[in-house]
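By written order: A, B, C, D and E. Residues from 1 in each chain.
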Amino acid sequence: MSHALTLITFIPVAAMVIILSLPPALKDGAKWISAVAAGLQLLIALWIFHHFDTTTTAAQFVDKFAWMPTYHISYFMGVDGISVSMVLLTALICFISVFASFGINRAEKAYYALLMMLDAGMMGVFVSLDFFLFYIFWEVMLLPMYFLIGVWGGPRREYAAIKFFLYTLLGSVLILLAMLGLYFYGAQNTFDMTVLAANASHYTIGFQRVVWIALFIGFAIKIPAFPFHTWLPDAHVEAPTAISVILAGVLLKMGTYGILRVNFAILPAATHELAWLFLGVIGTINIVYGAMCAMAQTDYKKLIAYSSISHMGYVMLGIASFTAAGIDGAVLQMFNHGTITAMLFILVGVIYDRAHHREIAGFGGLAQQMPIYAGMTGFAFFAGMGLPGLSAFISEVLVLIGAWQTYPLMTVFAAATAILTAGYLLWTYQRIYLGPFNEKYKGFADLSFREGFTLVPLAIIVLILGVYPHAILGLLDTSLAHLNQVVLSTPASAIALLH
Amino acid sequence: MLQSVIFYALAAGTIASAAAVAFSRNIVYSTFALLGAFMGVVGIYILLAADFVAMVQLLVYVGGILVLTIFAVMLTQGIGDVTISNRAVGSVPALVTVAIAGAVMLYAIAHTRWHQAALHAAAPTTYGIGNAFLGDYVLPFEVASLVLLAALIGAIVISRHEARE
Amino acid sequence: MDHPVSISIVRYIVVLPLIGAAINFLAGAWLQKTFGKRIISVLGCGVVALAFLLAVREFFAMLALAPDSRFMLDSLWPWIHYGGLDIDIAFWLDPLSMVMTLVVTGVGGLIHIYSTGYMHEDESYWRFFGWLNLFTFAMLVLVLGDNLWLMFVGWEGVGLCSFALIGFWYKVYPNTTAGNKAFIVNRIGDLAFVIALYSLFAALGAVGHPTLVTREVAKYAPMLAGMPGYLGMTMVTFVTLMMFAGATGKSAQIPLYVWLPDAMAGPTPVSALIHAATMVTAGVYMVARMNFMFVMAPATMTVVAVVGGLTALFAATIGIAQNDIKKVLAYSTVSQLGYMFAGLGVGAFTAGVFHLMTHAFFKACLFLGAGSVIHSMGGEQDMRKMGGLRHHMPITFATFLAATLAISGVPPFAGFMSKDEIIWQAFAHGHTVVWGMLMVGAGITVFYMFRQVYMTFFGDFRGTHEQEHHLHESPPSIAYVLVVLGLLSVFGGLVKIPDFIATFKPFETFLEPVFSSPLTRQVVESGIHSRGTEAALGFVTFTMVVLGWLVADLMYRQKTIDPERFSAAFGGVPYNWVLNKYFVDEFYDFTVVRPYLAMTRALAWFDLHVIDGVVNLVATVTVLVAWLSGLFDSYVVDGLVNAASLVTLDVGGRLRKLQTGSINGYLYGILAAVMVILLVRAMLRV
Amino acid sequence: MDLGNYASLAHFGPELVLGGGILLLVILDLLMADKRRLGDIALLIAVVALLLIAMEPVTPGAWLFHRMLVFDSFAIFFRALIALAAIVAIWMSIGSEEVLGCDQGEYYAILLASTFAMFLMAESANLLMAYLALEFVSLTSYILTGFLRHNRRSLEAALKYLIYGGVASGTMIYGMSWIFGITGSLDFTVINHALTTPGALPVLAVFISLVLILAGMGYKVASVPFHMWAPDVYQGAPIPITTFLAIGSKAAGFALLTRFFFPALSSLTAAGNWQALKGVDWPELLLFICMITMTLGNLAALQQSNMKRLLAYSSIAQAGYALMGFVVLSNDGIRAMLFYLFAYYVMDAGAFLVVMIVANSTGREDIDAYRGLAWRGGIVPAVALTIFLFSLTGIPLTIGFIGKFYLFAAVIRGRFYLLAIVGVLNSVVSLYYYMRPIKTMFLDTPNGDEGAVTVDFWNYGLMGVLACATIVLGLYWAPVLAFATRSMHFFTGPV
Amino acid sequence: MSGAVGLDHYLVLSLIIFTLGMFTVLTRRNAIGILMGVELILNSANINYLAFAYYGGARYDGQIFAIFVIMLAAAEAVIGLAVVLAIYQNFRTIDVGATENLSG
């Protein structure tokens, strides 16, 4: 498989074409074609995972040829330690979300075609090493997302969809400008991110600051970082389950991935200088603020959405710490948040499918009627709380232990949020699953096989990574250590640390 | 000196007529004032040794455009319409605007060194112009014919009042 | 110590309960339905019993080693080898964790067996054993983890199980609230604990040895001496203080003890196992484990001793007025834990750990006895509705009494051996105030314990007839366990006898290697070593005990003193405060919970209306500007034009809107633009 | 090379074909019974013209007709673009219900005449030619706009257009007269020479005349503040004509504007940048106009509920984007502008085509007519319109994105950061109204009172071609870029 | 301004006519009235061309330009009047304020 990355990116495109050309009579075929495509993708991802060389920081599985030679744009795909974990996550979440989509019963062909397009876009972002290509995939992803939320979403779907679209478009045009700036004022005119990174010292610090902030805003919207986060609750609440899963599972990671891939690698001096404020402080605000907002939500899904904001804050704080532990933990947290939040959204979807509402206050005692579901939710909740033995624990510990060395005060806030997180999750669990049973929900079926099939693999991964995080950390460490070293070895004109 | 007198007379007439066009409340008056302005301009053209252009102006403007205008005014407003109006609106702001613009442009005129060359003797220009139309300016000349053709066709198509409905 | 004995048997002690839990959770429901509850019982108890047997085997294996090399390491696989955090999944068996392991599997195993009887009627029998097994596993991870993070895994794991078991009867809403409270309050302590770990790791990193492996921390900790820490403290003081703060959560000390009484909502075996014998002692274990650091921070030691002493006294006073049979025991537990911390704090590490062990025996016995009573009473927990039960439940009564004597510190019962040691050591190490608190606490302990005994087992039955009809001795699975624990309460303390009686202290000797760092030795040995003093103090203590008993006897057996009149003598205020637990819960509710909830709601509002509002405002403003520019296009310019002529225009009665789309406006557009440009231009140039 | 009248005819083939075509159509109109064939003939003529353009040799260039016209690769680009616009307009006219009610012969004749005039605009080397061509385009545009002579809106639009155009061109020739007065010549090259010759440049007079000239040229490209006719005219004219005006007339305007402001008024430095006349800061003026144009266009579009009007404002904004390439004063910018105009041609023609298809079937042009279009049998036009609108927004995988990419690239490279920010914000704002029809088509469900949408084969074909071009050229745009690069060259011979 | 009539005289005359034309254009609500203003502007431009042609030496260029202006003005007038007539047929008024069907 010499073109593994091309394959993994374009298999969904092929599936999309096939789905679109299906005759209307075979519209059920759409879901199975998607499933096969996602399955193939997952297999390739596992193959890549298996053959990945963890000892080098160089790009692997490279696919490269000139695309637009006049502007030095090339089709350049490759993975390093940072992206390979995201490739794996994307393949996994897409696979899961295809199955989570089986309940869709309106315009299936269009739905699955768009889902496949989204899949390709996300995968493309993670494997592109040419900035231009990266940007193309980055934006391409927006379109299917808009329709998937807007057509198959909830009652306020139009508002949510356009809000998502506008917000992220604003971010991406800033990235476009920054990208052009990097291109024209670099040591050489190129979009090749490896070359840009290698010549990072060419940019003046003033230039770096401006570009850094533009890029940061672009990526922060995706993360989403405070105060650019308000699209997320709306988008999540209105999106269909599978789309929420993708949104939380993969899309949010693109923001932090972008920061690592671009801000860190290409603008190390500005990173060194600005990270404490933009990643550290804002990350901490994310953590605390997200958790506190989650506490006050009455909508189950919105609560999970805010918890997502909170958890992504750890990623920001971790990468801002400039310690091996922090940055490793941050990327691991990206992976773990992907799996855990995917579970949470699937679980919300399960109850929404049955009750057709998500008001926390409207439930009660569901554990009696749906014990397996309640048990699975409990597992996911505790995973979300970072309970030791489950995957998020490792990443949060690494993040915080790393962050402590750089920003003790912020770390205290971040660590204290574990209490708040436990507070809102347990309270939610109590109100929905425990206590006296609300007879209105008699007759609700427990988890179906399909739902179980989407949840169990994620649960197993959460469990395994809790005791054997090396599976993912092993991929990351070399690349991240190198990246961290690059940033740390760059003298920043004024480093302000918040001790 | 005579030339100066003629110039000032023509200029005064032209400006007065133009002002009448601009300020008159009655469109028929405006139309006739326009005739005066055109005539004044014809005189100015002659002063500028442009005899052929003056003739063209006389023929086309006075003989054509103006007649068409009067025709249109009469046709559309004359019969059955009591108020033959040429209402003017917002004179004051318009006056201020054009006055300022005019002042700036006047300043520019006064402070510009225009391209000037030795004066030609005032000679008939018809031959030269005709020559130019068949030489250097043959393309615009031909294009102009197409323009007129198109305008003709267009005018006919748009204003044709065929029996229908 | 640098070369611990490497063995691979410890892992089975840990993993066995996990296997039990896994089977129970994954297949328990099916097994129970298909094969009945017996298979669950066998499985649930079997794994713990087997673990106990293995632990015993290891105990003897350990005894066979030279005292200085009684350390066994069982390393499974690398866990986190990133960011300098080189820690493994590995278990570490030394005398201290040996004691804990034996207590956890031994007492725990007994409680498992007890549960087969106690929980027999519950439909979620499998789930109960699943959690119980998982708890045992987590507790073992806590005590056996070779590094602090693994310890923390267990630390939080027991919290999880505690949460699940408190809310075991989740259909009753308050039970689940109690579970949440336990978990969240524990998390507050955990926060301090993790901060301790972060700063410890960072500090060790700063001296070139970043590690959290316990034995290596022990090795390098002395290098931290004098290092400045945070908040004006030295690093060691900060770290140990934070660790102790963590312990106050798990071990229910002031100010975080509030969850424990509520935790009595869980089934009684849970109270016995988790909230008396094992989990709550985790903090004590941890402080003992980290003794080498605590001794480096005298300030922390004082804090530990004072908090322990205060808690011992404070909780005891609350215990006086409780009428719920389990609540009394709960406050008693808090109080006893205070003794343990006081012991640790004054430097009597062995005594603290010793009390931990004996407390496990007698408190488990008490709780299980109480459970037996509740079982017999059909779920009734109010002591005011009991009485005279000794006739109906002789075995329960006998064992309960034995345990009461033990907790009261009556020689030669187990509690005397340990508690008396702590009290006199407090004096011996110069903590006279702590000593005073402990003394008074001891008296009060006797009072409320005998109050409980008298109210429950003596006098006339005060419940309903139906309840009376049902009264019976508990089934064998319960009774036998009570007997075993009763015997342990009686004789379990004989492994360390006060010096003034006899020189017999194998327990202390066994633990000695754990407390062998030079500084620890120095602290331990700093106190007075006079048998005379010890004897005299023992006598004073005993006097307090007798005094306490006497008052209880007068009030609740002979009823020569009316407790109500007694309380009325003080205007009822102290009683009211004690009855309502000093309103601490209300205080917390008022100062922390409600403000926090209000704040979250405010923030959510802020998010929805301000942050999102700004976004929407930007959108609105854009639309507004668009609208305005549309107006400019069609109204403003034209409006200016029309202003002068509007009146005349409308004379004809044709009321019309302003001339949108009118040509004049457009022309103005051109001209105005040119004019503006010219003007600006002129101004700039001329 | 300064070619005489006869020699020039060699490079005048396309125009000759069009001129002959006009006459042919007028004659055939009298002879033929089936007037509908006239459209096909006009299409044939336009295609032949395009083919002739395609076969033009790329030489360094030449002056034609005694320096009346200039023949260079720049002119070829615009003539090709205009011919393409004419082809699309004719094609659309053939399938337009509105146009079928008109006099076919005259309609196509005027359309071809307009095309012819736009060709001249793109090639003018001389103020006289520029004025003549521009006025010719205007006159034919008025006629075409008012061609639906029983339609109030159409006539109204024509009148507004005419009055507005008359004022604009009057202003322009007044400005031109000053240029003539200052330089003594009408010839662009001579003007350039005269103005760049060291000496006292009458800065204020030149600036005033440029502003006045800008009124005429800016009105053709519909840039603010000379844009106000556009919404009314676009809405009132028959849709094929609207399309033609939006893409053809605008392209011709850009051609003239560029040719006048660059080779005639500026000088090219070795680095590929253009140096404006010292002291005459029209670049700042145009920069300002460019930013205002895109902003006002976008903001005004936000409010529209009529699709044609929405696209009209959008096309104003698009002109603003294209001007970004203009104001950075570099060959990079000009290339980006050329590229963008091509991209704009493809996507805007497509968008108008779908509007026409819907109008053909439902007789409506308001956004409500698109409600649930995707779900009531119009999925193909809905998807196509979506592609065009996304392209207009500048979303990747479409040629619109590549176009914007090059524009922003030129802007960033020229360090016009404010312009970049304004452009970026405008892109975001524009998304909002471009999404509205998309939202209506896909996210809303039909009420039931909207008519069914049927597409005939020819419209289907054109729509398919344009939609595919939008995407394919968004992925592989090298040919367009090469074409634009080749066309950056202006012929300026000796004085 | 003394002595012989020079270029500036013509330019000023032209400017005055131009501004009057502009004023007409701005203030008229009648379509034909506006077109009259346009004619004034065109005439003022023509004066300029002829003046520059006379004083600047490029004799025929200016005059020919003027001829084309006149010619195109005629063509425009023809079309304009045709449209005005057609509108009159449809609207029975030529007050531009009445043509407000097209509005934002």
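Note that in this section a contact is a pair of C-beta atoms (placed from the backbone, for glycine too) under 8 Å apart; a residue touches a chain by one contact, two chains touch by 3 or more.
What you are looking at is a predicted structure, and each value in this text was computed from that prediction instead of being measured.
Fewest steps needed to get from chain B to chain D, stepping only to touching chains, is 1. Per-pair tallies of C-beta contacts place B-E first.
The chain with its Cα centroid farthest from the Cα centroid of chain E is C.
Ranked by distance of CA centroids from chain B, the top chain is C. Chain geometry summary: the mean Cα position of chain B and that of chain C are 100 Å apart. If you average the CA atoms of chain A and of chain E, the two centres end up 66 Å from each other.
Between chain D and chain E, the centres computed from C-alpha atoms are 26 Å apart. In terms of their C-alpha centroids, the spacing between chain C and chain D amounts to 76 Å.
Shared interface positions of chain E, defined as residues touching 2 or more other chains, are 11, 18, 21-22, 25-29, 31, 34-35, 37, 51-52, 56-58, 64, 68, 72, 75-76, 79, 83-84, 86, 96, 99, 101-102, 104. Across the assembly, chain B contributes residues 87-91, 94, 97-98, 101, 104-105, 107, 109, 114-115, 117, 137, 140, 144, 147, 151, 154, 156, 158-159 that each touch 2 or more other chains.
Residue positions of chain A with contacts to 2 or more other chains are 166. The touching residues of chain E, counted against chain B in their complex, run 4-5, 7-13, 15-24, 26-30, 32-33, 35-37, 39-40, 43, 46-47, 50-60, 63-64, 66-68, 70-79, 81-86, 88-89, 94-95. Residues 25, 29, 77-85, 89, 149, 152-157, 160, 163, 167, 170-173, 176-177, 179-180, 183-184, 187-188, 190-191, 194-195, 197-199, 201-202, 205, 230, 596-597, 599-601, 603-605, 607, 611-612, 614-615, 619 of chain C are the ones that touch chain A when the two sit in their complex. Within the complex formed with chain D, the residues of chain C that make contact are 619, 622-623, 625-627, 629-630, 633, 661, 663, 665-667, 669-670, 672-674, 677-678, 681-682, 685.
Contact residues of chain A toward chain D in the complex are 68, 70-71, 107, 135-136, 139-140, 142-143, 146-147, 150-151, 157-158, 161-162, 165-166, 169-170, 173-174, 176-177, 180-181, 183-184.
Listed in rising order, the residues of chain D touching chain B in the complex are 5, 8, 19, 22, 26, 64-69, 102-103, 106-107, 109-110, 113, 116-117, 120, 128-129, 132-133, 135-136, 139-140, 142-143, 146-147, 149-150, 155, 158, 181-184, 194, 200, 202, 204-205, 208.
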